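In what comes next, subunit A is part of two complexes: it sits with subunit B in the first one and with subunit C in the second one.
And now, the complex of A and B:
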(Lines of atoms letter the chains of each structure in order from A and count residues from 1; the text may use other names and numbers.)
(Lines give C-alpha, C1' and ligand atoms only; values in the text may rest on other atoms or scores of the structure.)
Protein backbone atom coordinates (compact mmCIF):
# COMPACT_ATOMS: atom_id res chain seq x y z
CA UNK A 1 0.00 0.00 0.00
CA UNK A 2 1.29 3.46 -0.86
CA UNK A 3 0.14 7.01 -0.36
CA UNK A 4 0.94 9.64 -2.98
CA UNK A 5 0.92 13.40 -2.65
CA UNK A 6 1.72 15.95 -5.33
CA UNK A 7 2.82 19.55 -4.82
CA UNK A 8 4.56 22.23 -6.87
CA UNK A 9 7.46 24.18 -5.40
CA UNK A 10 10.24 26.28 -6.95
CA UNK A 11 9.44 25.10 -10.46
CA UNK A 12 9.46 21.44 -9.46
CA UNK A 13 6.56 19.03 -9.27
CA UNK A 14 7.26 16.95 -6.18
CA UNK A 15 5.60 13.58 -5.89
CA UNK A 16 5.72 12.41 -2.29
CA UNK A 17 5.59 8.63 -1.84
CA UNK A 18 4.90 6.82 1.43
CA UNK A 19 4.68 3.12 2.19
CA UNK A 20 5.66 -0.15 0.53
CA UNK A 21 6.58 -0.30 -3.15
CA UNK A 22 5.86 -3.93 -3.98
CA UNK A 23 4.33 -5.83 -6.88
CA UNK A 24 0.89 -4.78 -5.74
CA UNK A 25 1.50 -1.04 -5.49
CA UNK A 26 4.12 -0.41 -8.20
CA UNK A 27 1.62 0.30 -10.99
CA UNK A 28 0.02 3.05 -8.94
CA UNK A 29 3.39 4.76 -8.55
CA UNK A 30 4.25 4.38 -12.23
CA UNK A 31 1.01 5.96 -13.33
CA UNK A 32 1.34 8.86 -10.84
CA UNK A 33 4.88 9.56 -12.05
CA UNK A 34 3.87 9.33 -15.71
CA UNK A 35 1.04 11.79 -15.11
CA UNK A 36 3.42 14.24 -13.39
CA UNK A 37 6.01 13.82 -16.16
CA UNK A 38 3.31 14.46 -18.77
CA UNK A 39 2.56 17.96 -17.47
CA UNK A 40 5.74 19.27 -15.81
CA UNK A 41 9.28 20.12 -16.97
CA UNK A 42 10.88 19.05 -13.69
CA UNK A 43 9.68 16.16 -11.53
CA UNK A 44 11.14 14.96 -8.24
CA UNK A 45 9.97 11.80 -6.48
CA UNK A 46 10.38 12.15 -2.72
CA UNK A 47 11.21 8.67 -1.38
CA UNK A 48 11.79 9.70 2.24
CA UNK A 49 8.64 7.83 3.27
CA UNK A 50 9.34 4.66 1.25
CA UNK A 51 10.27 1.93 3.71
CA UNK A 52 10.36 -1.02 1.29
CA UNK A 53 10.99 -1.60 -2.42
CA UNK A 54 11.21 -4.71 -4.60
CA UNK A 55 12.09 -5.09 -8.29
CA UNK A 56 8.49 -4.18 -9.18
CA UNK A 57 9.03 -0.75 -7.61
CA UNK A 58 12.38 -0.38 -9.39
CA UNK A 59 10.67 -1.23 -12.66
CA UNK A 60 8.11 1.55 -12.09
CA UNK A 61 10.92 4.05 -11.52
CA UNK A 62 12.84 2.86 -14.59
CA UNK A 63 9.74 3.21 -16.78
CA UNK A 64 9.09 6.70 -15.44
CA UNK A 65 12.72 7.70 -16.05
CA UNK A 66 12.46 6.47 -19.64
CA UNK A 67 9.25 8.41 -20.18
CA UNK A 68 10.95 11.52 -18.78
CA UNK A 69 13.93 11.07 -21.06
CA UNK A 70 11.65 10.78 -24.09
CA UNK A 71 9.95 14.04 -23.17
CA UNK A 72 13.14 15.81 -22.08
CA UNK A 73 11.73 16.23 -18.59
CA UNK A 74 14.18 16.46 -15.69
CA UNK A 75 13.42 13.55 -13.34
CA UNK A 76 15.07 12.88 -10.02
CA UNK A 77 14.52 10.55 -7.05
CA UNK A 78 15.30 12.06 -3.66
CA UNK A 79 15.89 11.18 -0.02
CA UNK A 80 16.14 7.40 -0.28
CA UNK A 81 16.34 5.61 3.06
CA UNK A 82 19.49 3.47 3.50
CA UNK A 83 17.85 0.04 2.92
CA UNK A 84 16.04 1.30 -0.18
CA UNK A 85 19.20 2.97 -1.48
CA UNK A 86 21.04 -0.33 -1.16
CA UNK A 87 18.52 -2.03 -3.47
CA UNK A 88 19.08 0.70 -6.09
CA UNK A 89 22.83 0.21 -5.72
CA UNK A 90 22.64 -3.59 -6.00
CA UNK A 91 20.71 -3.13 -9.26
CA UNK A 92 23.19 -0.67 -10.74
CA UNK A 93 20.47 1.99 -10.93
CA UNK A 94 22.51 4.60 -9.05
CA UNK A 95 24.54 4.88 -12.25
CA UNK A 96 21.69 5.57 -14.66
CA UNK A 97 19.11 7.43 -12.57
CA UNK A 98 19.43 10.84 -10.98
CA UNK A 99 19.40 10.14 -7.26
CA UNK A 100 19.69 12.98 -4.75
CA UNK A 101 20.22 12.98 -1.04
CA UNK A 102 17.73 15.81 -0.59
CA UNK A 103 14.88 17.46 -2.45
CA UNK A 104 15.98 19.91 -5.16
CA UNK A 105 14.16 22.76 -3.44
CA UNK B 1 20.26 -27.10 36.86
CA UNK B 2 17.30 -26.14 34.74
CA UNK B 3 17.63 -23.63 31.95
CA UNK B 4 14.56 -21.80 30.88
CA UNK B 5 15.60 -21.73 27.25
CA UNK B 6 13.10 -20.43 24.71
CA UNK B 7 12.36 -22.66 21.75
CA UNK B 8 13.49 -20.82 18.60
CA UNK B 9 10.54 -19.63 16.56
CA UNK B 10 10.40 -21.12 13.06
CA UNK B 11 8.04 -19.97 10.35
CA UNK B 12 6.27 -22.42 8.06
CA UNK B 13 3.39 -21.18 5.93
CA UNK B 14 1.67 -21.56 2.57
CA UNK B 15 0.55 -18.87 0.14
CA UNK B 16 -2.10 -18.88 -2.54
CA UNK B 17 -1.23 -17.65 -6.01
CA UNK B 18 -2.59 -14.15 -5.53
CA UNK B 19 -0.81 -10.78 -5.21
CA UNK B 20 -2.95 -9.91 -2.19
CA UNK B 21 -0.96 -12.58 -0.31
CA UNK B 22 2.03 -10.19 -0.23
CA UNK B 23 0.50 -8.60 2.84
CA UNK B 24 0.39 -11.93 4.68
CA UNK B 25 3.91 -12.74 3.49
CA UNK B 26 5.27 -9.54 5.01
CA UNK B 27 3.31 -10.10 8.25
CA UNK B 28 4.76 -13.64 8.57
CA UNK B 29 8.31 -12.36 7.97
CA UNK B 30 7.80 -9.52 10.41
CA UNK B 31 6.71 -11.94 13.13
CA UNK B 32 9.59 -14.32 12.39
CA UNK B 33 12.14 -11.47 12.63
CA UNK B 34 10.61 -10.12 15.83
CA UNK B 35 10.58 -13.54 17.52
CA UNK B 36 14.22 -14.10 16.55
CA UNK B 37 15.42 -10.53 17.31
CA UNK B 38 16.56 -9.98 13.73
CA UNK B 39 17.22 -6.42 12.58
CA UNK B 40 15.30 -4.21 10.18
CA UNK B 41 17.61 -4.92 7.27
CA UNK B 42 17.20 -8.68 7.67
CA UNK B 43 13.43 -8.22 7.58
CA UNK B 44 13.62 -5.96 4.51
CA UNK B 45 15.87 -8.31 2.57
CA UNK B 46 14.01 -11.52 3.47
CA UNK B 47 10.80 -9.80 2.38
CA UNK B 48 12.41 -8.70 -0.89
CA UNK B 49 13.81 -12.14 -1.73
CA UNK B 50 10.57 -13.95 -0.94
CA UNK B 51 8.43 -11.43 -2.84
CA UNK B 52 10.61 -11.81 -5.93
CA UNK B 53 10.39 -15.60 -5.91
CA UNK B 54 6.66 -15.60 -5.08
CA UNK B 55 5.75 -13.07 -7.78
CA UNK B 56 7.81 -15.06 -10.31
CA UNK B 57 5.74 -18.18 -9.64
CA UNK B 58 2.63 -16.23 -10.61
CA UNK B 59 4.01 -14.25 -13.54
CA UNK B 60 6.08 -17.04 -15.10
CA UNK B 61 5.36 -20.28 -13.26
CA UNK B 62 1.62 -20.52 -13.84
CA UNK B 63 0.71 -20.33 -10.13
CA UNK B 64 -1.70 -17.41 -10.49
CA UNK B 65 -4.98 -18.34 -8.84
CA UNK B 66 -3.75 -21.68 -7.46
CA UNK B 67 -4.45 -22.57 -3.81
CA UNK B 68 -1.44 -23.22 -1.57
CA UNK B 69 0.91 -23.01 -4.55
CA UNK B 70 3.84 -21.82 -2.44
CA UNK B 71 5.32 -22.95 0.84
CA UNK B 72 7.90 -20.99 2.83
CA UNK B 73 10.01 -22.17 5.76
CA UNK B 74 12.31 -19.91 7.77
CA UNK B 75 14.70 -20.87 10.50
CA UNK B 76 17.30 -18.79 12.28
CA UNK B 77 20.73 -20.45 12.65
CA UNK B 78 23.97 -19.24 14.24
CA UNK B 79 25.32 -17.72 11.03
CA UNK B 80 22.17 -16.66 9.22
CA UNK B 81 18.56 -17.30 8.30
CA UNK B 82 17.91 -20.54 6.46
CA UNK B 83 15.13 -20.25 3.92
CA UNK B 84 13.32 -22.95 1.97
CA UNK B 85 11.00 -21.72 -0.76
CA UNK B 86 8.90 -24.29 -2.62
CA UNK B 87 6.31 -23.79 -5.37
CA UNK B 88 4.20 -25.89 -7.66
CA UNK B 89 5.00 -23.81 -10.73
CA UNK B 90 6.74 -24.78 -13.96
CA UNK B 91 10.30 -26.02 -13.42
CA UNK B 92 12.56 -23.01 -12.82
CA UNK B 93 16.11 -23.06 -11.53
CA UNK B 94 17.14 -19.58 -10.33
CA UNK B 95 20.73 -20.73 -9.83
CA UNK B 96 21.16 -21.25 -13.57
CA UNK B 97 19.24 -18.19 -14.82
CA UNK B 98 21.47 -15.89 -16.91
CA UNK B 99 22.81 -12.85 -15.01
CA UNK B 100 20.92 -9.58 -15.40
CA UNK B 101 22.77 -6.76 -17.11
CA UNK B 102 23.07 -4.22 -14.32
CA UNK B 103 25.39 -1.88 -16.21
CA UNK B 104 23.15 -1.35 -19.25
CA UNK B 105 22.14 2.26 -20.02
CA UNK B 106 18.61 3.41 -19.24
CA UNK B 107 17.24 2.93 -22.75
CA UNK B 108 18.27 -0.74 -22.68
CA UNK B 109 16.89 -1.45 -19.22
CA UNK B 110 13.87 -3.68 -19.26
CA UNK B 111 14.21 -4.71 -15.65
CA UNK B 112 13.75 -8.34 -16.66
CA UNK B 113 15.77 -10.64 -14.44
CA UNK B 114 16.25 -7.92 -11.84
CA UNK B 115 14.30 -9.85 -9.20
CA UNK B 116 16.47 -12.96 -9.48
CA UNK B 117 19.55 -10.76 -9.60
CA UNK B 118 18.57 -9.28 -6.22
CA UNK B 119 17.90 -12.76 -4.78
CA UNK B 120 21.39 -13.83 -5.79
CA UNK B 121 22.97 -10.63 -4.44
CA UNK B 122 21.38 -11.03 -1.02
CA UNK B 123 21.36 -14.78 -0.49
CA UNK B 124 24.13 -17.37 -0.24
CA UNK B 125 24.34 -21.14 -0.76
CA UNK B 126 21.45 -21.26 -3.22
CA UNK B 127 20.46 -24.80 -4.08
CA UNK B 128 17.69 -25.88 -6.39
CA UNK B 129 15.95 -29.16 -6.87
CA UNK B 130 12.85 -30.34 -8.63
CA UNK B 131 10.89 -32.82 -6.59
CA UNK B 132 7.75 -34.18 -8.22
CA UNK B 133 5.60 -31.18 -9.08
CA UNK B 134 7.55 -28.86 -6.75
CA UNK B 135 10.44 -26.48 -7.28
CA UNK B 136 12.47 -26.23 -4.11
CA UNK B 137 15.06 -23.55 -3.44
CA UNK B 138 17.08 -23.58 -0.27
CA UNK B 139 19.34 -20.67 0.63
CA UNK B 140 20.74 -18.62 3.44
CA UNK B 141 20.86 -14.94 4.34
CA UNK B 142 24.01 -14.41 6.41
CA UNK B 143 23.63 -12.40 9.63
CA UNK B 144 25.21 -8.98 9.90
CA UNK B 145 25.66 -6.25 7.34
CA UNK B 146 26.45 -7.60 3.91
CA UNK B 147 29.38 -5.96 2.16
CA UNK B 148 28.00 -5.05 -1.21
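And now, the complex of A and C:
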Protein backbone atom coordinates (compact mmCIF):
# COMPACT_ATOMS: atom_id res chain seq x y z
CA UNK A 1 0.00 0.00 0.00
CA UNK A 2 1.45 3.38 -0.99
CA UNK A 3 0.31 6.96 -0.84
CA UNK A 4 1.21 9.24 -3.74
CA UNK A 5 1.10 13.05 -3.78
CA UNK A 6 2.00 15.33 -6.64
CA UNK A 7 2.96 19.00 -6.41
CA UNK A 8 4.83 21.50 -8.60
CA UNK A 9 7.61 23.58 -7.10
CA UNK A 10 10.42 25.58 -8.73
CA UNK A 11 9.80 24.09 -12.15
CA UNK A 12 9.85 20.53 -10.79
CA UNK A 13 6.96 18.10 -10.55
CA UNK A 14 7.51 16.38 -7.23
CA UNK A 15 5.88 12.97 -6.73
CA UNK A 16 5.81 12.20 -3.03
CA UNK A 17 5.79 8.48 -2.25
CA UNK A 18 4.95 6.98 1.14
CA UNK A 19 4.77 3.33 2.21
CA UNK A 20 6.03 -0.02 0.91
CA UNK A 21 7.12 -0.37 -2.70
CA UNK A 22 6.50 -4.00 -3.58
CA UNK A 23 4.68 -6.10 -6.18
CA UNK A 24 1.35 -4.85 -4.86
CA UNK A 25 2.18 -1.17 -5.30
CA UNK A 26 4.74 -1.24 -8.16
CA UNK A 27 2.21 -0.69 -10.97
CA UNK A 28 0.62 2.23 -9.14
CA UNK A 29 4.01 3.89 -8.65
CA UNK A 30 5.15 3.29 -12.24
CA UNK A 31 1.87 4.67 -13.58
CA UNK A 32 2.08 7.81 -11.38
CA UNK A 33 5.68 8.45 -12.41
CA UNK A 34 4.95 7.86 -16.11
CA UNK A 35 2.02 10.28 -15.95
CA UNK A 36 4.22 12.93 -14.33
CA UNK A 37 6.97 12.28 -16.88
CA UNK A 38 4.45 12.65 -19.71
CA UNK A 39 3.44 16.12 -18.53
CA UNK A 40 6.61 17.69 -17.13
CA UNK A 41 10.20 18.45 -18.16
CA UNK A 42 11.57 17.82 -14.65
CA UNK A 43 10.27 15.13 -12.30
CA UNK A 44 11.53 14.28 -8.81
CA UNK A 45 10.31 11.24 -6.89
CA UNK A 46 10.48 11.98 -3.17
CA UNK A 47 11.26 8.67 -1.43
CA UNK A 48 11.60 10.12 2.08
CA UNK A 49 8.48 8.18 3.13
CA UNK A 50 9.44 4.86 1.52
CA UNK A 51 10.43 2.34 4.17
CA UNK A 52 10.79 -0.79 2.00
CA UNK A 53 11.48 -1.56 -1.65
CA UNK A 54 11.38 -4.98 -3.29
CA UNK A 55 12.63 -6.08 -6.72
CA UNK A 56 9.22 -5.27 -8.24
CA UNK A 57 9.47 -1.75 -6.79
CA UNK A 58 12.97 -1.29 -8.22
CA UNK A 59 11.76 -2.47 -11.64
CA UNK A 60 8.97 0.12 -11.55
CA UNK A 61 11.52 2.86 -10.84
CA UNK A 62 13.86 1.62 -13.60
CA UNK A 63 11.06 1.54 -16.17
CA UNK A 64 9.90 5.03 -15.18
CA UNK A 65 13.49 6.26 -15.55
CA UNK A 66 13.62 4.57 -18.96
CA UNK A 67 10.46 6.42 -19.99
CA UNK A 68 11.99 9.70 -18.80
CA UNK A 69 15.17 9.00 -20.75
CA UNK A 70 13.11 8.35 -23.91
CA UNK A 71 11.27 11.66 -23.51
CA UNK A 72 14.41 13.57 -22.44
CA UNK A 73 12.77 14.44 -19.13
CA UNK A 74 15.05 15.14 -16.17
CA UNK A 75 14.16 12.47 -13.60
CA UNK A 76 15.60 12.14 -10.13
CA UNK A 77 14.95 10.06 -7.01
CA UNK A 78 15.40 12.03 -3.79
CA UNK A 79 15.72 11.61 -0.03
CA UNK A 80 16.13 7.84 0.13
CA UNK A 81 15.92 6.36 3.62
CA UNK A 82 19.08 4.46 4.69
CA UNK A 83 17.49 1.03 4.17
CA UNK A 84 16.15 1.88 0.71
CA UNK A 85 19.43 3.56 -0.27
CA UNK A 86 21.27 0.37 0.68
CA UNK A 87 19.02 -1.61 -1.71
CA UNK A 88 19.70 0.89 -4.53
CA UNK A 89 23.43 0.74 -3.86
CA UNK A 90 23.43 -3.06 -3.75
CA UNK A 91 21.65 -3.16 -7.11
CA UNK A 92 24.11 -0.68 -8.62
CA UNK A 93 21.21 1.55 -9.64
CA UNK A 94 23.03 4.66 -8.48
CA UNK A 95 25.13 4.16 -11.63
CA UNK A 96 22.22 4.61 -14.05
CA UNK A 97 19.67 6.58 -12.04
CA UNK A 98 20.03 10.13 -10.83
CA UNK A 99 19.81 9.97 -7.03
CA UNK A 100 19.83 13.03 -4.76
CA UNK A 101 20.13 13.33 -1.02
CA UNK A 102 17.52 16.09 -0.94
CA UNK A 103 14.75 17.48 -3.12
CA UNK A 104 16.02 19.66 -5.99
CA UNK A 105 14.02 22.65 -4.79
CA UNK B 1 6.14 -14.12 -26.72
CA UNK B 2 8.55 -16.77 -25.44
CA UNK B 3 8.99 -17.21 -21.71
CA UNK B 4 12.30 -16.31 -20.11
CA UNK B 5 12.94 -20.05 -19.59
CA UNK B 6 12.34 -20.75 -23.29
CA UNK B 7 14.63 -17.87 -24.27
CA UNK B 8 17.48 -19.18 -22.09
CA UNK B 9 17.05 -22.72 -23.42
CA UNK B 10 16.94 -21.40 -27.00
CA UNK B 11 20.12 -19.46 -26.36
CA UNK B 12 21.76 -22.67 -25.19
CA UNK B 13 21.05 -24.39 -28.54
CA UNK B 14 24.04 -24.40 -30.91
CA UNK B 15 22.69 -22.83 -34.11
CA UNK B 16 25.16 -24.79 -36.24
CA UNK B 17 24.35 -28.33 -35.14
CA UNK B 18 21.47 -28.23 -32.67
CA UNK B 19 23.65 -29.41 -29.78
CA UNK B 20 22.84 -28.23 -26.28
CA UNK B 21 25.45 -25.92 -24.79
CA UNK B 22 24.06 -26.75 -21.36
CA UNK B 23 25.96 -30.05 -21.56
CA UNK B 24 29.21 -28.03 -21.57
CA UNK B 25 28.17 -24.99 -19.55
CA UNK B 26 27.16 -26.56 -16.22
CA UNK B 27 25.99 -23.28 -14.76
CA UNK B 28 23.19 -23.15 -17.33
CA UNK B 29 21.07 -25.29 -14.99
CA UNK B 30 21.07 -22.47 -12.43
CA UNK B 31 20.24 -19.99 -15.19
CA UNK B 32 17.17 -22.10 -16.04
CA UNK B 33 16.00 -21.90 -12.43
CA UNK B 34 16.68 -18.17 -12.39
CA UNK B 35 14.67 -17.84 -15.59
CA UNK B 36 11.68 -19.61 -14.01
CA UNK B 37 11.79 -17.23 -11.04
CA UNK B 38 11.97 -14.27 -13.42
CA UNK B 39 8.98 -15.64 -15.35
CA UNK B 40 7.07 -15.90 -12.07
CA UNK B 41 8.15 -12.37 -11.10
CA UNK B 42 7.04 -10.98 -14.48
CA UNK B 43 3.71 -12.78 -14.03
CA UNK B 44 3.43 -11.06 -10.63
CA UNK B 45 3.33 -14.36 -8.76
CA UNK B 46 6.46 -13.82 -6.66
CA UNK B 47 8.51 -10.90 -5.43
CA UNK B 48 11.99 -10.73 -3.92
CA UNK B 49 14.01 -8.43 -1.74
CA UNK B 50 17.74 -8.60 -1.13
CA UNK B 51 17.56 -12.09 0.39
CA UNK B 52 14.05 -13.51 0.48
CA UNK B 53 11.39 -14.59 -1.96
CA UNK B 54 7.67 -14.20 -1.35
CA UNK B 55 4.65 -15.67 -3.10
CA UNK B 56 2.17 -12.91 -3.74
CA UNK B 57 -0.42 -14.64 -5.92
CA UNK B 58 -1.16 -18.35 -6.15
CA UNK B 59 -3.59 -18.24 -9.09
CA UNK B 60 -2.27 -20.33 -12.01
CA UNK B 61 -0.38 -18.67 -14.87
CA UNK B 62 -1.55 -21.22 -17.45
CA UNK B 63 2.05 -22.33 -18.03
CA UNK B 64 2.43 -25.88 -16.66
CA UNK B 65 6.10 -25.47 -15.67
CA UNK B 66 5.55 -22.20 -13.84
CA UNK B 67 2.43 -23.47 -12.11
CA UNK B 68 4.20 -26.63 -10.93
CA UNK B 69 7.05 -24.55 -9.46
CA UNK B 70 4.57 -22.13 -7.89
CA UNK B 71 2.62 -24.98 -6.26
CA UNK B 72 5.88 -26.48 -5.00
CA UNK B 73 6.88 -23.13 -3.52
CA UNK B 74 3.54 -22.76 -1.77
CA UNK B 75 4.02 -26.19 -0.16
CA UNK B 76 7.31 -25.20 1.50
CA UNK B 77 6.60 -22.27 3.80
CA UNK B 78 9.84 -23.08 5.65
CA UNK B 79 11.99 -22.16 2.66
CA UNK B 80 12.14 -18.39 2.23
CA UNK B 81 15.52 -17.40 0.80
CA UNK B 82 16.21 -16.86 -2.89
CA UNK B 83 19.36 -18.97 -2.64
CA UNK B 84 17.49 -21.77 -0.85
CA UNK B 85 14.84 -21.85 -3.58
CA UNK B 86 17.46 -21.82 -6.34
CA UNK B 87 18.99 -24.96 -4.83
CA UNK B 88 15.55 -26.56 -4.31
CA UNK B 89 14.36 -26.04 -7.89
CA UNK B 90 17.85 -26.90 -9.21
CA UNK B 91 16.86 -30.51 -8.47
CA UNK B 92 14.22 -30.19 -11.21
CA UNK B 93 16.66 -28.77 -13.80
CA UNK B 94 16.21 -31.63 -16.30
CA UNK B 95 12.43 -31.21 -16.25
CA UNK B 96 12.76 -27.46 -16.79
CA UNK B 97 15.03 -27.88 -19.79
CA UNK B 98 13.00 -30.78 -21.22
CA UNK B 99 9.69 -28.95 -20.92
CA UNK B 100 11.09 -25.78 -22.48
CA UNK B 101 12.61 -27.78 -25.35
CA UNK B 102 9.27 -29.52 -25.93
CA UNK B 103 7.48 -26.18 -25.94
CA UNK B 104 9.95 -24.81 -28.51
CA UNK B 105 9.40 -27.94 -30.65
CA UNK B 106 5.62 -27.49 -30.36
CA UNK B 107 6.03 -23.89 -31.56
CA UNK B 108 8.02 -25.10 -34.63
CA UNK B 109 11.15 -23.29 -33.50
CA UNK B 110 13.21 -26.46 -32.90
CA UNK B 111 13.01 -30.08 -34.03
CA UNK B 112 14.20 -33.14 -32.14
CA UNK B 113 16.78 -35.53 -33.60
CA UNK B 114 18.09 -38.68 -31.97
CA UNK B 115 21.15 -40.56 -33.17
CA UNK B 116 23.82 -42.96 -31.91
CA UNK B 117 27.47 -42.11 -31.39
CA UNK B 118 29.67 -45.16 -32.10
CA UNK B 119 26.42 -47.22 -32.28
CA UNK B 120 26.12 -47.08 -28.48
CA UNK B 121 25.78 -43.59 -27.02
CA UNK B 122 22.46 -41.80 -27.53
CA UNK B 123 22.94 -38.29 -28.91
CA UNK B 124 20.08 -35.79 -28.89
CA UNK B 125 20.09 -32.66 -31.01
CA UNK B 126 17.62 -29.83 -31.41
CA UNK B 127 18.32 -28.10 -34.74
CA UNK B 128 16.61 -24.79 -35.39
CA UNK B 129 13.58 -24.98 -37.66
CA UNK B 130 13.06 -21.22 -37.42
CA UNK B 131 16.18 -19.23 -36.50
CA UNK B 132 14.38 -15.88 -36.08
CA UNK B 133 13.42 -16.28 -32.40
CA UNK B 134 17.02 -17.12 -31.44
CA UNK B 135 18.33 -14.22 -33.52
CA UNK B 136 15.81 -11.92 -31.85
CA UNK B 137 17.02 -12.96 -28.39
CA UNK B 138 20.66 -12.51 -29.40
CA UNK B 139 20.08 -9.07 -30.96
CA UNK B 140 18.18 -7.86 -27.87
CA UNK B 141 20.98 -9.04 -25.61
CA UNK B 142 23.72 -7.56 -27.79
CA UNK B 143 21.88 -4.22 -27.94
CA UNK B 144 21.39 -4.21 -24.18
CA UNK B 145 25.11 -4.78 -23.61
CA UNK B 146 26.38 -2.40 -26.27
CA UNK B 147 24.07 0.53 -25.47
CA UNK B 148 24.39 2.85 -22.50
CA UNK B 149 20.69 3.63 -22.03
CA UNK B 150 18.38 2.25 -19.35
CA UNK B 151 17.36 -1.23 -20.52
CA UNK B 152 14.04 -3.09 -20.59
CA UNK B 153 13.31 -5.23 -17.53
CA UNK B 154 13.23 -8.49 -19.54
CA UNK B 155 16.56 -7.72 -21.19
CA UNK B 156 18.23 -6.94 -17.86
CA UNK B 157 16.99 -10.30 -16.58
CA UNK B 158 18.13 -12.21 -19.65
CA UNK B 159 21.65 -10.76 -19.77
CA UNK B 160 22.07 -11.18 -16.04
CA UNK B 161 21.37 -14.91 -16.04
CA UNK B 162 23.12 -15.66 -19.35
CA UNK B 163 26.38 -14.04 -18.21
CA UNK B 164 27.36 -16.15 -15.19
CA UNK B 165 26.81 -19.41 -17.07
CA UNK B 166 28.93 -18.40 -20.05
CA UNK B 167 26.20 -17.95 -22.67
CA UNK B 168 27.18 -14.37 -23.58
CA UNK B 169 30.30 -15.75 -25.24
CA UNK B 170 28.05 -17.21 -27.96
CA UNK B 171 26.61 -13.77 -28.76
CA UNK B 172 29.52 -11.33 -28.68
CA UNK B 173 33.27 -11.79 -29.10
CA UNK B 174 35.56 -11.95 -26.07
CA UNK B 175 37.06 -8.60 -27.07
CA UNK B 176 33.68 -6.89 -27.18
CA UNK B 177 32.61 -8.51 -23.90
CA UNK B 178 35.84 -7.36 -22.26
CA UNK B 179 35.28 -3.80 -23.49
CA UNK B 180 31.72 -3.83 -22.06
CA UNK B 181 32.59 -5.58 -18.78
CA UNK B 182 31.42 -2.63 -16.64
CA UNK B 183 28.04 -2.51 -18.35
CA UNK B 184 27.60 -6.28 -18.01
CA UNK B 185 28.49 -6.12 -14.31
CA UNK B 186 25.95 -3.34 -13.86
CA UNK B 187 23.20 -5.40 -15.53
CA UNK B 188 24.12 -8.51 -13.54
CA UNK B 189 23.90 -6.68 -10.22
CA UNK B 190 20.47 -5.13 -10.66
CA UNK B 191 18.33 -8.15 -9.74
CA UNK B 192 18.51 -10.21 -6.55
CA UNK B 193 17.72 -13.40 -8.48
CA UNK B 194 20.69 -12.82 -10.83
CA UNK B 195 23.05 -12.10 -7.95
CA UNK B 196 22.02 -15.35 -6.28
CA UNK B 197 22.31 -17.30 -9.57
CA UNK B 198 25.89 -15.99 -9.87
CA UNK B 199 26.63 -17.03 -6.27
CA UNK B 200 25.18 -20.50 -6.90
CA UNK B 201 27.25 -20.99 -10.07
CA UNK B 202 30.42 -19.84 -8.28
CA UNK B 203 29.60 -22.35 -5.51
CA UNK B 204 29.11 -25.12 -8.08
CA UNK B 205 32.41 -24.28 -9.81
CA UNK B 206 34.23 -24.28 -6.46
CA UNK B 207 32.74 -27.67 -5.56
CA UNK B 208 33.72 -29.09 -8.95
CA UNK B 209 37.29 -27.76 -8.63
CA UNK B 210 37.57 -29.29 -5.16
CA UNK B 211 36.22 -32.62 -6.42
CA UNK B 212 38.67 -32.58 -9.35
CA UNK B 213 41.57 -31.83 -6.99
CA UNK B 214 40.61 -34.83 -4.85
CA UNK B 215 40.42 -37.08 -7.93
CA UNK B 216 43.84 -35.91 -9.19
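Basically, the second predicted complex is superposed on the first by the 105 of 105 C-alpha atoms of A that agree within 3 Å, B and C clash if a C-alpha of one lies under 4 Å from a C-alpha of the other, contacts with A are read in each partner's own complex, and residues count from 1 in each chain.
In the analysis below, contacts are C-beta pairs under 8 Å (C-beta built on N, C-alpha and C of every residue); 3 or more make two chains touch, one makes a residue touch a chain.
Here the structure is a predicted model, which means the values were calculated and not measured.
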| item | value |
| --- | --- |
| Combined model on subunit A where subunit B meets subunit C, clash or fit | clash |
| Contacts of A:96 with subunit B and subunit C, given as first, second, both or neither | both |
| Touched partner set for A:48, first subunit B, second subunit C, both or neither | neither |
| Contacts of A:20 with subunit B and subunit C, given as first, second, both or neither | first |
| Stretch of subunit C, among 74-82, 110-118 or 128-136, that runs into subunit B once the two complexes are superposed | 74-82 |
| Shared subunit A contacts, counted only where both subunit B and subunit C touch the same residue | 22-24, 52-56, 58-59, 62, 65-66, 69, 87, 90-92, 95-97 |
| Touching residues (chain side subunit B, partner subunit A) in the complex | 19-20, 22-23, 26, 40-41, 44-45, 47-48, 51-52, 55, 102-107, 109, 111, 114-115, 117-118, 121-122, 148 |
| Residues of subunit A touching subunit B in the complex | 20, 22-24, 52-56, 58-59, 62, 65-66, 69, 83, 86-87, 89-92, 95-97 |
| Touching residues (chain side subunit A, partner subunit C) in the complex | 22-24, 52-56, 58-59, 62-63, 65-66, 69, 87, 90-93, 95-97 |
| Interfacial residue positions of subunit C with respect to subunit A in the complex | 41, 44, 46-50, 54, 56, 149-153, 156, 185-186, 189-193 |
